[in-house]
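Common to both upcoming complexes is chain A, partnered first by chain B, then by chain C.
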Partner chain A sequence: MSVTSQQANAELTPEQASRKRWIGILAKAELKDLQQHWQALVLPAAPEYQFIRKPETGLTMLRGRIGGSGQPFNMGEMTVTRCALRLASGTLGLSYIAGRSKEHAITAALADALLQEERTAELLESALINPLDEIQQAAQAERMREASSTKVDFFTMVRGED
Partner chain B sequence: MYVAVKGGEKAIDNAHALMRKTRRGDESITELTVEQIREQLPLAVDRVMNEGSVYDPELAALALKQASGDAVEAIFLLRAYRTTLPRIGYSEPLDTEAMQIERRISGTFKDLPGGQVLGSTYDYTHRLLDFTLLAEGEAPISALDPETSDEETLDACPRVLELLNKEGLIEQSREADEADHTPADLTREPVNYPAERAVRLQNLVRGDEGFLLSLSYASMRGYGDSHPFAGELRSGRVNVELVPEELGFAIEIGDLFLTECEMVNQFHGNKNQPPQFTRGYGLAFGRSERKAMSVALVERSLRAEELGEEVLYPNQDQEFVLSHSDCVSANGFVSHLKLPHYVDFQSELEMIRRLRREIAAATDEENNK
Partner chain C sequence: MAVLTPTVNSNALIAGFDDPVQHGQQVFRALLKAMSEPGTLIELELNLATPGLLNNSTWQTLLSLLDADTQLWLSPRLNSDERVTSNLRFHCQSPIIDGSKAADFAVALADELPVLRDLNWGTSEYPDRSTTLIVQVPALSDEPHWELTGPGIESRKTARIAGLSEEFRLALINSRKRFPLGVDCIFCCGSKLLALPRSTQIREMRPEEGEA
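This part shows the complex of A and B:
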């Protein structure tokens, strides 16, 4: 059975739940898709911000579970880039992105901050997060479609005549 | 023992320049890009990521290019690079049950729920060289036959062994009320023997594929009582989550492609346990099926002591397996023989000459008696 840590399982407020959703979509977006939609955004004003933490690349140790659901073990590392910034309004945006793209980390952190701002939340939700989510879901559906074409059912082999 | 020597700088510079020339090959042929390696040699990339112990396909492809395709050299480069980066925490344990399945087979249950999905595989190919790949231009990619495309979606599948364990014939991977322990990390502290199962697994996942494959083969041929079955083999994408200190809740930071293998092995039982099937577990980056299977088989062999089996063979001996599984260490130690051992060798040469003189003198004395 799948088991996640208590910390990860803690009840989230609705605000935290939506933030968790957009952070995940921003992180999993292909950089080119993110750039394309980001550049097409028409923001009320160019966002002013300063870095709390400049984009920094490091390694996160990935944990698996013995037998898939048993005790955790350290599997190996993954490159991760993180960034934190503050808008002029004081809102903090942050990002943790698999890989080494500083541009991805900055854009995602900025989007995270703007999605918390009343003035820009709706625009980013509809013109950035939702389209990126759709791209990811379509890509996943395509992979699933291809995989399911290779599905075998050894059980349905015809035996004799019916 | 090798000794430091001076000089040879010019020769070394020239040797490196020559290596770059050899690596480039015939300049009238288009140079290979890192992107092409990442996209078109993905299984080589997967191996470098596994043994380099860093998931980053672009870096692994770069390492392969730089190393002229030598996997062990590329792995060494990736390991060296990782030491330059800071650690950004630990992920939440990867939930392989929620994997977006792209391949899933079982050698034990034909009617597994969700069905068997072959995915992209070399299994069932005839291993005949495909000369269309050699001809000018690429072999056409044949489209998937839409007739066979199943409308049914491949939902996250429960693990076969967990599901088919209603009779309790297969050991559980955890007790119902068992709390998580923080596993030791061999990149932070050296391995002590006997090593806990989590550390053994970490070591095997970054171990040399060839070494583990051969040990697995030996375990199946009778060096250890293993009798394995491939309970389940699955490949696909899994989300990666971590809990940033700033937020206090888990967020997704990306996903990665994994291959997971669960082996089922016979176990005769002991005083405390009735006979049941035991399990060996393997996990690997990418589509590294051979690696995941080998890890699972050796992982099980190394449980001999914990299960009260007699430890008779090297593949059941933790210290033998774990301290020789790392290709960077093994390559380093073997390669160091290329360094100057002139003084060492000179002294051995002297010793052999002396011994021979002594024997010759003794023989002469004998003959003169």
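This part shows the complex of A and C:
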């Protein structure tokens, strides 16, 4: 399900594109997978941070377009938790996640901040983002496999004309 | 629909209320007291880090009153201070507008006040749809400079609000003739604030009256 606005992908710098990717992966990760990989991380130092916006839960309106190109309509509201924090170094981490898990929002914001730090970016990319991405892709492939097993091909019989 | 995307500089962001619900209510309660007892000096209990040119009481007032549905006008120096605009956009989500006429809230430094006429005074049908003016002043006290009377004041009160121009003071005093239309004001200084709703009558006292 894509909830990005139409121009979202238009003019992103490479940094913005990769940040968008990891923010998406962090947001879509299952809490238990995220926790498991997060706790396994060996960081150079425990990150110190200050909340800019403590995790807060609210509703946001989802907008859709029929067929992806029709007029926008309000599809319904979903629960979102968001969080913003700043590392001692000054880097700001943000997160918007579905649901009401504050723990998920804090971990995702912290990971976002650490991924922007040169010192920790590579470690998090390889030990957190990539494994989570693989889990998500495997789950997606599994869903598609299940769906395609019940796929029906419609075709029109061509009557013999000759 | 061409909507200019307002920018937020993430480097400028600071923390808002530590506990948004509790502290927001606490400050709202203080503002309610200030408005219902005009001329009373209120001291806010919380001490927050403030963005740029804003002081403690202005910042807390804005954090508790503004949201995405309130149009905000800022005086020129505040509007050009990225720390102020970024934090207000981030924490309050208020649209910052150019014309003061449409503003629900106007925030100004004492030396760059908007012309009172250019704010929204409400309409006879809906006097409540007026602008609330929040002014950050250099000093606030209850020294006898203005004599205040009206609803919420038992007999009379005195107040001195520093840094207001002659033109603004006269305009504010004269605006009472158009009641129920008018502009409600909140004056902020440090952690203190004082409100003058439109129902409060103001009289400038002569210097010798202060002695008595």
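As a convention for this text, the second predicted complex is superposed on the first by the 141 of 162 C-alpha atoms of A that agree within 3 Å, B and C clash if a C-alpha of one lies under 4 Å from a C-alpha of the other, contacts with A are read in each partner's own complex, and residues count from 1 in each chain.
FYI, contacts are C-beta pairs under 8 Å (C-beta built on N, C-alpha and C of every residue); 3 or more make two chains touch, one makes a residue touch a chain.
Quick caveat: nothing in here was measured; it's all calculated off a predicted structure.
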Chain A: partner with more touched residues, chain B or chain C: B
Chain B versus chain C as contact partner of A:Gln39, first or second or both or neither: neither
Contacts of A:Glu56 with chain B and chain C, given as first, second, both or neither: both
Contacts of A:Gly64 with chain B and chain C, given as first, second, both or neither: first
First (chain B), second (chain C), both or neither touched by A:Arg86: second
Contacts on chain A seen with chain B and repeated with chain C across the two complexes: 56, 84, 92
Touch list for chain A against partner chain C, complex: 50-54, 56, 84, 86, 90, 92
Residues of chain C that touch chain A when the two form their complex: 10-11, 13-16, 18-20, 90-91
Complex interface listing, chain A residues touching chain B: 1-5, 7-8, 10, 12, 16, 20, 23-24, 27-28, 56-80, 82, 84, 92, 94, 96-100, 140-141, 143-155
In the complex with chain A, residue positions of chain B that touch it: 49-50, 53-56, 58-59, 82, 85-98, 100-103, 110-111, 115-120, 144-146, 148-154, 159, 161-162, 173-174, 178, 180-183, 185-187, 197-199, 201-202, 205-206, 236-237, 239-244, 246-256, 260, 262, 279, 281, 283, 285
